[in-house]
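In what comes next, subunit A is part of two complexes: it sits with subunit B in the first one and with subunit C in the second one.
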Partner chain A sequence: MNGSLLRPLIRAELRAELRAGEVVMTTIPFAASGLLVAAIAIGADTPLLRRVGPGMLWTIVLLFGSFVTLRRTVSGEPTRQEVLTLLGVDPVIQWVARAASSTVLLLGVIAVLVPVTVVIYDPPLTGLAAQAVAAVLVAVGLGALGTLAADLTASTRTRSSLVPLIVTPLTLPLILAAVQVQEGAVYAASPWPWLLLAALADVTIVLAGLLAARTLQEGAV
Partner chain B sequence: MRIGRTRVLAGLDFTVAPGEVVGVTGPNGSGKSTLLRVLATLRRPAAGSLEILGRSWPHVSTPEVRRRIVLVGHDPGLHPDLTLAENLELVAALSGESSSSARCALADVGLAAAADRPAGACSEGMRRRSGLARALLCRPQLLLLDEPHASLDVASRPLVAGIADRVTARGGAVVVVTHDVEGANGHLDRVLTLQGGRLTAEARG
Partner chain C sequence: MTTSNRRPLIDVAAASLLLTGFAGALLAPTDRLQGDLQRLMYVHVPSAWLAYLSFAVTLVASVARLRTRRDRWDDLAVSSVEVGVFFTALTLATGSLWGKPVWGVWWTWDPRLVTTALLFLVYLAYLGVRRGIVDPDVRARRSAILGIIAFVQIPIVHMSVVWWRTLHQPPTVLKPGQPSMDTAMLGVLLLNVVAFTATYAALVRRRVDIARAEAAAEDALLSDDSPLAGDAVTAPTHVEVLDV
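Up next, the complex of A and B:
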């Protein structure tokens, strides 16, 4: 496995996304309006909004995040995958490039949605370092799981609905951890058990992706 | 060679020597494109033996062998949101070539002026030519072309022969699937005819 091939692949994935604007022009505005609509539905109950804000943020990240992994990728389409295979790019490298670029894009989505949540819900801003770590862990896990689910459903016609269906239940440990880290900050509880849970979930998901990458691609051969 | 329960290729026995350009023809559905995909190591034969570039199946599907093969199919595998140059630069970066060589390859197939155009905004013929540019860039030892003249204008057709000549001059081999045997005949050393997945005729070009 040649890691030096990762950089040009990730750069091409991100460049293609910036050019297409699927995440910036569609996912982020849609997710931000989801946060706003939920706040309007809850009503002008400021203490309640402050209480539910972080949970809302992570629910929206989870629901909309899986669509980030469904974007048109450089190495996700069968013909482009074949070109990369004939260039000697290992399927594992292709998978890591897709998962890593999805993670970067998800971090971008979270970076935009956090200030939106702060403005709309006014949650308590404590324990920011632990919450930043939780955000990175959520992005890594969601990026990897979404990429794996996208690969698993690549040949199905119902892919766009199947991916969120697969991803949503499996990311519950990540979302639970992220919300509990924020709760812990409010009540001065240690964030470490929850961060550890998220890290364990990430390791499991990434390992599953790495192990499945070659089988999924070569299985089609 | 089977796809599902359907036998697509059977009883095929042929060799392509270094420096040779072999044409494959036959009616639609005769297995020509599937044969190319088997030769590209992208499809696994169900039975029989296969030797590509000195390696026998299943040891052919390694990065070392695959890097020496280029398949230019109907879909050249370009990302529509990247420019032609960016698509080729990615290929160059992954095959250890400089990004300037990607632009040179595009210029060689007459796409210098369109290099900065998104692939999705290019015509079918231009995308086809960028697939040929990839063949120039990667310097394959086995070049597989699936109906390379389709979508190309008359002026661009000699490109295919020129690229095949470059590959054979380096001791490589070329397999061309074509319906236009007469048009390509001057450049083909042999022509194999497939029918129902079987080799029914073999003629000198």
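Up next, the complex of A and C:
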């Protein structure tokens, strides 16, 4: 496994996304509108909005996060993956690069959606450091699992619906941890058990991705 | 006795055990608090056990498929998932029917309910992934990986009633120490577990046969030397073209 290739590969993934602008121009506005519509559906009950705001944020991140890992610059260009394989780039390195770029983009999505949630739902802003750690853990887990699910469903016609179907149930520990860290901060409870749960889920998902990368790409070219 | 001769034997055994289990469920003592409603347990608990067993078999078959590359393991894995999905759905349905009169709702935010529903969804996705892939080898490889990853949920589902505060009762049979249940009820429950397991074996056996028949038909289609539709049309020769 040649680790020196990792950085240029991640940079290439991010540059391709920057040019296409799919996440910035489509996914983020769509996710923000989801937060807005949910608030309208709940109504003008300010205490209720305050209480459900963080849960709503993580639900939207989870649902729209799958689309970040399915973005056209990754799923729409299998030839690039084939070229990299023919060039002898280790499938594990390719998988890590795709998962890492998805994680970076997901962090970007979360960074935009948090202020939107604060404006619309006005949740209590306590325990921000623990919540930031939880956000990073969610992004890592969601990025890795989304990439793994995208590989599992590569070149299937129902991919866009299968990936969220795989990702949504399996990310339950991450979402649960993120919501509980926020709720715990309100009641001055320790965030560590939940952060540990999210970290454990991340390690499991990343390990599964690393172990499956070669098998998944076997015979792909 | 050949394998094909044994099949009706398994079917008959499963049917007889199911009938005995059903009779046992009707004759078992009535619960002091819940009355006849509690008899749902004789379907609900064996279904849940079968869901665990099915997905454990899929896990073993998936690991074996990745290690040996033999298609028979893939046939077993998918057959077990299909039967497991049915029993998971049955667990959810009977749980919901039981929950309405006891808890007052069909569905509630309860860790056991939610994790079981998520388990059901992931294995539905497993079947969805298989349906979308044409190449048998790629299909077997990818679904083996998903079959392994998805199994992570089983311990979470089982332990959810211990780890979180929940409406669902904690384990009464699969727990350290003596089962906390009336002996007659426990006997009928175990009889039904055996009956459901025999039914699972019969169903998986049938489904594996179908999977093998499908694979054979697929192979025959790909390697068949019979004429193709286009063979009826021949390209005109050079002379024929010039004549026109």
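Just so we're on the same page, the second predicted complex is superposed on the first by the 212 of 221 C-alpha atoms of A that agree within 3 Å, B and C clash if a C-alpha of one lies under 4 Å from a C-alpha of the other, contacts with A are read in each partner's own complex, and residues count from 1 in each chain.
In this text, a contact is a pair of C-beta atoms (placed from the backbone, for glycine too) under 8 Å apart; a residue touches a chain by one contact, two chains touch by 3 or more.
This is a predicted model, so every value here is computed, not measured.
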| item | value |
| --- | --- |
| Combined model on subunit A where subunit B meets subunit C, clash or fit | fit |
| Partner chain in contact with A:104 - subunit B first, subunit C second, else both or neither | neither |
| Touched partner set for A:158, first subunit B, second subunit C, both or neither | second |
| Touched partner set for A:87, first subunit B, second subunit C, both or neither | first |
| Touching partner for A:215 - first (subunit B), second (subunit C), both, neither | second |
| First (subunit B), second (subunit C), both or neither touched by A:169 | second |
| Touching partner for A:16 - first (subunit B), second (subunit C), both, neither | first |
| Which superposed partner A:189 touches (first subunit B, second subunit C, both, neither) | neither |
| Arrangement angle, subunit B at one end, subunit C at the other, subunit A at the vertex (C-alpha, nearest 10°) | 90 |
| Minimum C-alpha separation between subunit B and subunit C after superposing on chain A, in Å | 5 |
| Footprint overlap on subunit A, where subunit B in one structure and subunit C in the other make contact | 218 |
| Residue ranges of subunit C in contact with subunit A within the complex | 66, 114-115, 118-119, 121-122, 124-125, 128-129, 131-133, 137-138, 141-142, 145-146, 148-150, 152-153, 156 |
| In the complex, subunit B residues that touch subunit A | 40-44, 61, 63-64, 66-67, 69-71, 73, 75-82, 86, 90-91, 93-95, 118, 134, 138 |
| Residues of subunit A defined as touching subunit B within the complex | 5, 8-9, 12, 15-17, 19-20, 72, 74, 77, 79-80, 82-90, 218, 221 |
| Subunit A residues within the subunit C interface of the complex | 148, 152-153, 155-159, 161-162, 165-166, 168-170, 172-173, 204, 208, 212, 215-216, 218-220 |
